[in-house]
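Starting off with a structure, shown below.
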Amino acid sequence: MLYRETGQFKTSYSADQAIFPIFQDRMFILGWLIVAFIAVPLMASEYWFQIILIPFLVFSLATLGLNILVGYCGQISLGTGGFMAVGAFSAYKLATNVPELNIIFVILISGLITALVGILFGLPSLRIKGFYLAVATLAAQFFLIWMFNKFGWFVNYSPSGSIAIPPMEIFGVMVTSAKADPVARYYLALGFTVVLALLAKNLVRGPTGRAWMAIRDMDIAAEIIGIKPLATKLKAFAVSSFFIGVAGALYFSAWSGTAESDAFDINLSFNILFMVIIGGLGSVVGSFMGAAFIVLLPIFLTNLFVGELGFSALTAKHLEITIFGALIIFFLAVEPHGLARMWQVTKEKLRIWPFPH
Amino acid sequence: MSAVENPRQISGEVLLNVEDISLSFGGVKAIRGVSFNILKGEIRAIIGPNGAGKTSMLNVINGFYHPQEGKITYKGETRSKMRSHVAAKQGIARTFQNVALFKGMSTLDNLMTGRLLKQREGILQQTVDMLLHAVYLGPAKRQEVVERKVVEEIIDFLEIEAIRKTPVGRLPYGLQKRVELGRAIAMEPELLLLDEPMAGMNLEEKGDMSRFIIDLNDQYGTTIALIEHDMGVVMDLSDRVVVLNYGEKIADGTPNEVSANQDVIDAYLGVS
Amino acid sequence: MGGGTASPNKQDADTFPKLLLKNAKSLAEKPAIREKEYGIWQSWTWAEVLEEVKCFAIGLKKLGVKRGQKIAVVGDNRPRLYWSMVAIQSLGGVPVPVYQDSVVEEMSYVLDHAEVVGAIVQDQEQVDKILQIAEGVNRIKLIIHDEERGLRDYKVDGLYSFVNVQEMGRKLLSDKPETLEEWHQDIAKSKGDDVSILLYTSGTTGKPKGVMLSFNNIMISAQNGNRFDSLNENEEVIAYLPMAWIGDHIFSFGQSYAAGFCVSCPESPETVLDDRREIGPTYFFAPPRVYENLLTEIMVRMEDAGTIKKKMFHYFLAVARRCGERILNGEPVGLMDRLLYGLGELCIYGPIKNRMGFSRVKVAYTAGEAIGPEIFSFYRSLGVNLKQLYGQTESSVYITAQPDGEISAETVGTPVYDVEIKIKKNGEVQYRSPGVFVGYYKNDEATNETKTKDGWVNTGDAGFFDANGHLKIIDRAKDVGQLNDGSMFAPKYIENKLKFYPNVKEVVAFGNGQDICAVFINIDLTSVSNWAERNNIAYASYQELAGHPEVYKMIEEHVDEVNLSLASEPRVSGSQISRFLILHKELDADDGELTRTQKVRRNFVGERYAPLIEALFSGKTSAYISTEVTFEDGRKGVIEADLKIKDMITHPPVKFDEAAE
Amino acid sequence: MEMLNAVFVAPFVDMFTYPAFFVEVLLGGLTAGVMYSLVALGFVLIFKASGVFNFAQGVLALFAALTLVGLMTGTIPFSQNSMSALALPIWLAVIATGGVMVGLAYAIERVVLRPLVNQEEIIMFMSTIGLAFVLEGVGDMMWGSDVKALDVGIPSGSFEVNGVLVQVFDLWAAGIAAVMVAFLAVFFQKTKIGRALRAVADDHQAALSVGIPLKTIWVAVWSVAGLVALVAGIMWGSKSGVQFSLSLIALKALPVLILGGFTSIPGAIIGGLIIGVGEKVAEVYWGPLVNGAIENWFAYVLALLFLMFRPQGLFGEKIIERI
């Protein structure tokens, strides 16, 4: 209905293969970018930045990372929390030990370090598949967390065992630590998220993405048409971990400002996995939807139960968990491919409106 | 003026030679000491009753199964085992008995996966290429266009323009088979293994498929080895036929020779 | 009578090759033609087209194509085939487009009759046909094919691929630059009065006739057409109708060259709809049945839509019916309706036009046959400026057309520029115009029958001008007959009225020299089977469905309505349908029952189904028939059936005052 | 050198110098192992019969234990721990809880499995995570989330056999586990439904052709798994109290499965014991070298290394890939 594609024809492959070939889509994305970069900073309050917007961005990025691995390459991972921790702690070490390094590079390098760790734990994926692999990633999860709180070196031997990001600047604007203006921290997170999201989109619609999806859909056939399983999977692990690492670094530097290893425990891993599932396996835009959903839901529920209905915090928490679980089951039953698929279906409907098919 | 069809020229050169191959899973012997060869440029049919070990034979040829005994000589170089993606690199492509497409992708993307083995080797290059694709600029973009051109010609060749952007999961069986053939062609193979390319097709579809196979063979000189149950098709298409039964070779020769062979007749009566 | 002032072809470029040279200068960088191939719209500017044509033409010349020679052009709409025509013309040759789907016998007749010496064809399929024909007609020495596919191993002398020929040309050009000059001289030699093309009309009776049309015929008609609808070089047109048909030659060749607008060729016959959606033509032509099919498709698809959507759809269609056409005609409409229509445009009309690829249509034409009033006004009410025109091969299409704002479903409009029309006493329409054909090739007898010394042409159609000067066609003049009671019998008129029902595909009416009027009916499989589904009527075959009592009931209602409307018209109230039967098979061009343009071969059908006709008039209640049919793959077979015959009650003619006449 | 000694020599020296202590460590490990085994058993049952990887198995145990305690203490559901007069006697409470678990199996089949039938396994897996959340939330709301003592009268205390301190409870645990396994063995061999379950494990069609609807089979197997969970809950609960941590042993069961193979009951038992013993021993003798607490990950890393060499597990059949 909104989609009027008559007269949109392509006279070259580069036009046909553009990242958003349909005019209306381009407008749509543009709209969102304007909102994110201009409207939001003008309107949002401190609370919004701290409780909703920045975590949303951070988790979107992490979700995107995990989605590349699970959704595109079909390799289950329960180690996301651990990898985010790697990102966070690398950022901490870099920021404290190499103060002259610009925060942007701090974050990027943290991502690269995480990528290496990811590759390391991805190696078994050549021989093991499915749930077996999930266990391998669990090993990563528990080992890494254990490592971070057992070895003082990672926290510069601070007795509390927790780490805090020093104030850092970009072009003289302070962007990290409690002293920084939330807007600045928001822009930091937003910048990384948007750029990386675009890169991810390009990756998954290109040869790399095709190789991943081939492995996902039918690894045997994939190998028989000449796709190297290990190399392909490791690429997925690397890229995925890089994204997650950057997310971890942002979690720490742009959002929480302080952290301790337990913040990145197995539950975080599961949360991110839920964001992927509910957002939609194998979808970039879905990763954002999933993150938004899971970030907003608890806030909404808490406000509802405690705020409106006046339940005890404890009951509220339990109710929350229950509803959370129920929703997940519901989603899987109704639309196993998540919000992204729903969006896609609606979009298709809009394109062929008023016809049903 | 009048048409003079000239017969296809098949060089005597042997492309692939399998020597007393034996393959077994646990106790079960799937193939027992089978030997035969495939000449460059010919269409070679492998026939036999169900469970004769035909598919296993293909799996051995493209390195998916590793035979316990025997050796395979491909393009003059002998091997006992290799990984199937290596076989692919060396120019062996195949389709599968029950379609093995990537359900999550469109026809176009499925064919594009066939081009992946043309990518640059080496960790460094691969990483660089990946980054280039991520930013989708310069060489990466140009490469995409080049590959797309190749694939589009295949789409045109197989007359599947109308389903270019349809997810293959939604396609009827006949078309899926076609797309799978397309994916194999996209690999620009020297040896193409087709596992029952016409299974479950109606007359018209079979006709099309035969046409494609023939055109493929004499336009691109692709050597083809196919498993097929439809005898009519086998007789029309193939230059030579090898017959397997219970994992053993019982006949080998031109369609006519084979169809005259008593063992073959028995074997078939045996199953039907 | 006749709008605008005469405009003879004054301009310097009086042939298409010359026009091409001109466009290649004046519109060098504008796209001239596109083809969806390899997934994208490959485009050529006018300059590039000239280059392509030049190389090919010179290649042709090397292969010995000479002035006056005829060359057949066979295939789907492809840039290279269009280029071939100009190339042939540039050498003084005459292109003879042939229907690509015609079977060997038909094609062989045309090629033989036209004395073609060569053929430029699309693919292997056509090459095979031509080779087969060439064995009988040994004039044919040259075959050039567009697609390589499957032809590599044909070792045939005189068989070339389009690319080879262009290569030869290119080589020659580089070796002897003077060849270019020679070519330009060849082009200069041709004049506006020379025969530019030979089109074979798939005549409703007898063998096809070759209509010779001069450059002036085509060009002036094209120019006038462009002027009539003020078309310019920015139009978008999609070429999907047979190149052998005058319509396509005017719309996607003549007018394109004259105005310089771009023509787009679809990727394959299956993808026409998608391709049209992508291109979004601004100028569109289609015979009525295309619009019918589209409408049927729209309705059928909406059947499966959700209730809310359906409700919206029908509500807004009602709105459109109320005020759509008036808005399109620029007549005054209430504010409320305007708002509603605007809303409708946003959520229904717009999207539908978008899906159908009509969003950008400035002018859409229908012609060749009468179109159903409902269908006609449906599109207009959606805001598609659909108009009717009346023309034929012999007139290079344009005789009359509907000026904007003077639209009606019943008439075919007023004479186009430079066209004069008079009605003979027997009601036959006669015209004279710059488009009038040179003559029938090798058939002076027929020429003299249709064309008078002073250039008037008998259309063979019976018609009259209505009160406001619009021409109204009733039927083929020779088909108009009388029932034994003397009342006028215009079969086509009756047939059309019936055919306007989506459930009815084809109708053949009989009655000339009989007591009553009776008809054969072909049901439309798509819509009837849908109807059957909705009323859960089970059936195994077309034949069974056609014979189903429920179907008969439904059709009977349609017939009755038609009788009512006939009763209300003085000329034809006497010839209401008294009996009908539903045929057990679809009338089919492969069985010779329809022409390639899907027109009924009345007499042929008459002979083929004689027993049925006999039964219709002898009052039997059923009739047995067995017919030979040709299947898709060319095999022949026989199908038999016992057909029910229904009697109808006719209505008394409605009294009305003669004053109106 | 120093390092090498600490890693490769010292620990073993300790073992031999204080054998009694070593044995106690082993026993401790075995007990923990039994717990793992019990949970793993539940996994295997469900995975065998329905191919579902049931993440909620641990929470099932927690839920069972909570319910049991609730019934025994006569807690009123959803009442923030206000007690009612009727506290069921142990035997009745156990039976009642068993009933609850069966009912739960029904509910799960209806609400979770049926809507998801034929989904990819990862989807099924995720849904059981959802299930775990629901059970945890509901359990906590019904019975309160505070740590509860559970005493079903398993004698505690300990005695000494030539210098080795043996916990009576541990013996009981082992005993009950053994009984449990024996019971299952009989169930699978002798009962119709049991045989059907085996059939399904091998091939769904086959089972259906036996004439038992998948629905029934799933309910059955989930019920059995529920009962196994109940036993596990009782053991673990009465050893270290009923609390959320119980559900985390679900994760520990994963490496167990990897060692034992997803489809092998004996595998589950042996695997459990290996892991139990392994991590205890590792913790005690090597833990200190790396500031301890290696229990958290030892099991997984062990499993991981094991996988590299034997992907199909100790008892799983070799996978032949077909195409």
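Letters A, B, C and D mark the chains as written, and numbering starts fresh at 1 in each.
Convention: a contact is a pair of C-beta atoms (placed from the backbone, for glycine too) under 8 Å apart; a residue touches a chain by one contact, two chains touch by 3 or more.
What you see is a predicted model, and the numbers here were worked out from it, not measured in a lab.
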Determine the chain that sits nearest the middle of the structure, using the mean of its CA atoms as its centre.
B
Using the touch rule from the top, work out which pair, A-B or A-D, shares more C-beta pairs.
A-D
Can you work out the whole-Å distance between the CA centroids of chain A and chain B?
41
Inter-centroid spacing, chain D versus chain C (mean Cα positions, whole Å)
77
Averaging only over C-alpha atoms, locate the centres of chain A and chain D and give their separation in whole Å.
33
Can you check how far apart chain B and chain C are, centre to centre, with Cα atoms defining each centre and the answer in Å?
46
What are the residue numbers in chain A that touch two or more other chains?
13, 220-221, 224
Which chain B residues reach two or more other chains?
64, 96, 100, 148-149
Of all residues in chain D, the ones touching two or more other chains:
323
Give every residue of chain B touching chain C within the complex, in rising order.
1-6, 8, 108, 148-149, 152-153, 155-157, 159, 161-162, 164, 211, 215, 218-219
Show which residues of chain C lie in contact with chain B when the two form their complex.
37-39, 128, 131, 134-135, 138, 140-141, 143, 149-150, 152-159, 267-268, 270-271, 274
Which chain B residues qualify as touching chain A in the complex?
62, 64, 83-85, 87-89, 93-94, 96, 100-105, 109, 112-117, 119, 123, 126, 129-130, 133-136, 140-141, 144-145, 147-149, 183-184, 187
Interface with chain A, chain C side, in the complex: residues 34, 39-43, 236, 277-280, 298, 301-302, 304-306, 309, 312-313, 347-348, 350-355, 357-360
Touching residues (chain side chain A, partner chain C) in the complex:
1, 3-13, 15-16, 352-357
